[in-house]
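Below is one structure, written out as structure tokens, with a few remarks after it.
In order of appearance the chains are A, B, C and D, and numbering begins at 1 in each one.
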Amino acid sequence: MEITNEAKTYTKGGKPASYIPELALQSVEQFAACIVDQNGNYFEVGNIEAQFTLQSISKVINFIVACEYHGLQFVLDKVDVEPTAPGKPFNPMINAGAITIALMLPGESVKDRVDYVVDFLNRITDSPHQINEAVYRFEIETTHRNRAIAYYLKANDYLLCDVEEAVETYIRLCSLEVSTKDFAKIGLMLAGNGVHPLTNEKLITPKTAKITKALMTTCGLYNASGKYAASIGIPMKSGVSGSVLCTVSNGKVEHLKGKLGIGVYSPGIDDIGNSVAGMKFIEKLSQAYDLSIF
Amino acid sequence: MEITNEAKTYTKGGKPASYIPELALQSVEQFAACIVDQNGNYFEVGNIEAQFTLQSISKVINFIVACEYHGLQFVLDKVDVEPTAPGKPFNPMINAGAITIALMLPGESVKDRVDYVVDFLNRITDSPHQINEAVYRFEIETTHRNRAIAYYLKANDYLLCDVEEAVETYIRLCSLEVSTKDFAKIGLMLAGNGVHPLTNEKLITPKTAKITKALMTTCGLYNASGKYAASIGIPMKSGVSGSVLCTVSNGKVEHLKGKLGIGVYSPGIDDIGNSVAGMKFIEKLSQAYDLSIF
Amino acid sequence: MEITNEAKTYTKGGKPASYIPELALQSVEQFAACIVDQNGNYFEVGNIEAQFTLQSISKVINFIVACEYHGLQFVLDKVDVEPTAPGKPFNPMINAGAITIALMLPGESVKDRVDYVVDFLNRITDSPHQINEAVYRFEIETTHRNRAIAYYLKANDYLLCDVEEAVETYIRLCSLEVSTKDFAKIGLMLAGNGVHPLTNEKLITPKTAKITKALMTTCGLYNASGKYAASIGIPMKSGVSGSVLCTVSNGKVEHLKGKLGIGVYSPGIDDIGNSVAGMKFIEKLSQAYDLSIF
Amino acid sequence: MEITNEAKTYTKGGKPASYIPELALQSVEQFAACIVDQNGNYFEVGNIEAQFTLQSISKVINFIVACEYHGLQFVLDKVDVEPTAPGKPFNPMINAGAITIALMLPGESVKDRVDYVVDFLNRITDSPHQINEAVYRFEIETTHRNRAIAYYLKANDYLLCDVEEAVETYIRLCSLEVSTKDFAKIGLMLAGNGVHPLTNEKLITPKTAKITKALMTTCGLYNASGKYAASIGIPMKSGVSGSVLCTVSNGKVEHLKGKLGIGVYSPGIDDIGNSVAGMKFIEKLSQAYDLSIF
């Protein structure tokens, strides 16, 4: 595909996240993309089974699980979905909100909570997932910023449980290994508003699917969310491992028609935290196949 | 329509904007809605020719005009489209950005700039528009907050022209009289990505149309933008006169199929500034006819 | 005096305030200092009659006049004296507070208010004062930041009068011409807690004198107030014209004993806005004669 | 003393700090004050040997120790002494600065650092001091806000050591038991600019003493520092245990002449964190004996 070749020329435009040794060691030349359509056709670039850690994209999965378990209203009473509201940074796509959400995951212990999410992920993707313990061990030692946020939340009575438990749960889920193929399946499920288009299994409610896509659109790409909403117009979420999860509801052009799920991985990220080649690929794809929701 | 009847029960849930006498005098019981589809069918509720002032919705029109005149890149070099970026509140849907945009309107004087926008509006809506001078005179005297912003911009070298000229231009355009029918036509033109679906005239570029819809989605409803993106999922912009302009690209259900433009007016607004009955109407409509982009 | 010679070597370390042409034209080599003790002895360096504009030091004079006219409690109900309180920047030594204070000056018009302050100043200094109209005309045209603040205050109902009147009053008083000899007399009056040590005339109440000195100590030197409180320990207020007004209550060493008033002028200022040679002179003087209140 | 009787009527105007059980249990009716003058005369009210924990007043002691050990410049390169500077809350009298200072205390372990400060305190006060282990154990478990600050500092590379070590050091020193008599001695030493007026021993440098008094004046009483600088004008620092340490350099009136050190204790505090009866006592004393530095 011409788009792929063009995107690949950007792989060296970014650098792997330097603060986690396991990520820093990744070759920036890697590039993988997986697209699945509603008929089960896969479009593959590179090694779509290559494993990388979820990082911030865990925010999306955790938010879905929390909403499904507690109901949307319970969750929205505790976090805020405004991108602009001053003084309330509890958006689930931003760390303070994400840590609050981590504590709403079902279970009484870190293990319970993590297992619950892994089971959910296994079910959507039809494949087992495990924690990258090396990444976890490093991140749990060094995640000072998340601990600062968690203690701030605790000091202000927003965290009802132990701080360390909140941070461990959140970081373990950031360390879950996934592939672009997994992302494509998750994206396709969101495109189907919770009904898996291939199996017809109802995995989550349409309401949860829609609010998740709205949050991905307004806040999914760190401080470049607005820019990419304008230029790409696809609900997506990125992580510092260099991966992006996209969901498309209305492909209009032959070959990429109807509902699509897309996963991209290229470890070189820009200063804001988004995969350079990954974003370039999605931008070209959106423009070539008119995938924008706008 | 059942939806209309239900929405109308909410008209008394809000109060007209109290700080502008002309608005404060409006009866809260008013309710008008106009939907136009791509085949030119109109769906009407109440008096769809009833006039009200543009207020904040002028931000959308001005942004479109500035982008078309200068090119997108020129405009984006001067304002910021991030909803979340801290310390850069120059989003064109927020007052600081909107005042900056007002100064990019073509022309050398307040009159030139206002005339240019009115001409553009006349062309989209096929009807003449004029300033409500009573509203203008009151607002220009009392718009202390906009003057504070304009002087702040001037002090930081963001405003290249005279402050008073910037404020006058902005406020005159807030005082332009429009109807829900006008909004429906504008919304339909945006749904068509700039090509008027009825006349096939190319009014603006697809790029400008798409970024405008992205901005409306992330920032169109003041500090309730995120909430409504999740529950309604339609690009829209509200004004304190109690009006809302919506644009729908992909109506999927019989009767409201394909591209749609929607205008709603009901002067009772909530604390955040959005029309109470208007938002209720749009929410019901979106749910009943599956109009969400998500 | 050795101290003077040392201080003078610093005159070229700063630059005159560039944003006001009249100030920008001043030769940085100017240096004048006047000290008066409680027995009426004057210590003079350079031309102590040289005129410069009050600028920010008008904040001190206006605050005193407002407190004397309305009583301390009335004023403190409207402005805040905390240097650290977050979200309440209404300290009278900072522009928002100073503009609020300008409106509390006795009189119904700009002229009335300015005349009242000039009369008060004439009485303390036994000499007439007038506005530098060239400085005033320039500043009133370009003081965008003060107008932004004034409109912000107006928008939040803190300013009860016309914004333009507030700004004109404030700027006219910034443009009053004074000399280091005037400052020495004002400083001596404050050292005497309102009783003029030479004439024994009671000019202001001890309460007003003390709170003024406290404010000068915590907030008198822009964002270097804390640093100079530690290293110099003298209540003082600086202005961007390169002048400083100091008040010393307890000179302990022969020659500079008891109460003192000090005025210094050297137009080269640093990035923060304080006279480079002026501050150096005061620092050396404080250390040599043990003038710190700490 | 009439002042004491009047101040005592205010003991019930405050409440003991509720978040630490040991403090919450204190009877609000307690009132003790100790004044020592430069001739060694003690003025006593209540039980001046009564023990309470240092709490925030440890910030003063730690700052002095750090300055003496490393030299003033080293410390000032790492913390900021401005009360007003925006975005730099590293003032040593405020928690972020105080935690940074705690890590500059000499020693390689928590125990070393605490012992060093205790030795210093023993030397000034001629009496042994120990940690209140019950208070320490409770605070170390619940000090979420300080941990949030410490992790924030660590995340931004301001803390060079282990976060837990920083927090433990800081909290252990907050839990040190002292008496109003101890405070009087420390205050007298500061009044003497580091030379103990009774023993003539040189305990700290004049520079450290002066900057400490400046910081106490601008930031010693939480968000009421400016108000009390104006109404009382004595360098002092308060703690949530309801205690206040004051230092007076220039008592002018018979009975309270020359240098004085003052300690006050009354556990009922106001919303801001200052002892209600304690502050009332100091205010009356300052006015009756003209103790203000202003």
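FYI, contacts are C-beta pairs under 8 Å (C-beta built on N, C-alpha and C of every residue); 3 or more make two chains touch, one makes a residue touch a chain.
Note that the coordinates shown come from a computational prediction; the quantities given were computed from them, not determined experimentally.
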item	value
Set of chains adjacent to chain B and to chain C	none
Rotation in the CA alignment of chain A with chain D, degrees, nearest 5	180
Equivalent of A-B within the choices C-D, B-C or A-D, defined by over half of its residue contact pairs recurring	C-D
Copies chain D and chain C - interface residue numbers shared by over half, same or different	same
Rounded Å distance, chain A centre to chain D centre (Cα mean)	49
Mean-CA-position distance for chain D and chain C (Å)	32
Between chain C and chain A, distance of the C-alpha-averaged centres to the nearest whole Å	57
Chain A: positions in contact with at least two other chains	none
All chain pairs that touch each other	A-B, A-D, B-C, C-D
Chain C to chain B touching residues, read off their complex	144-145, 147-152, 154-155, 163
Contact set on chain C toward chain D in their complex	80-85, 91, 94, 209-211, 213-215, 217-219, 223-227, 229-231, 233, 235, 249-250, 292-294
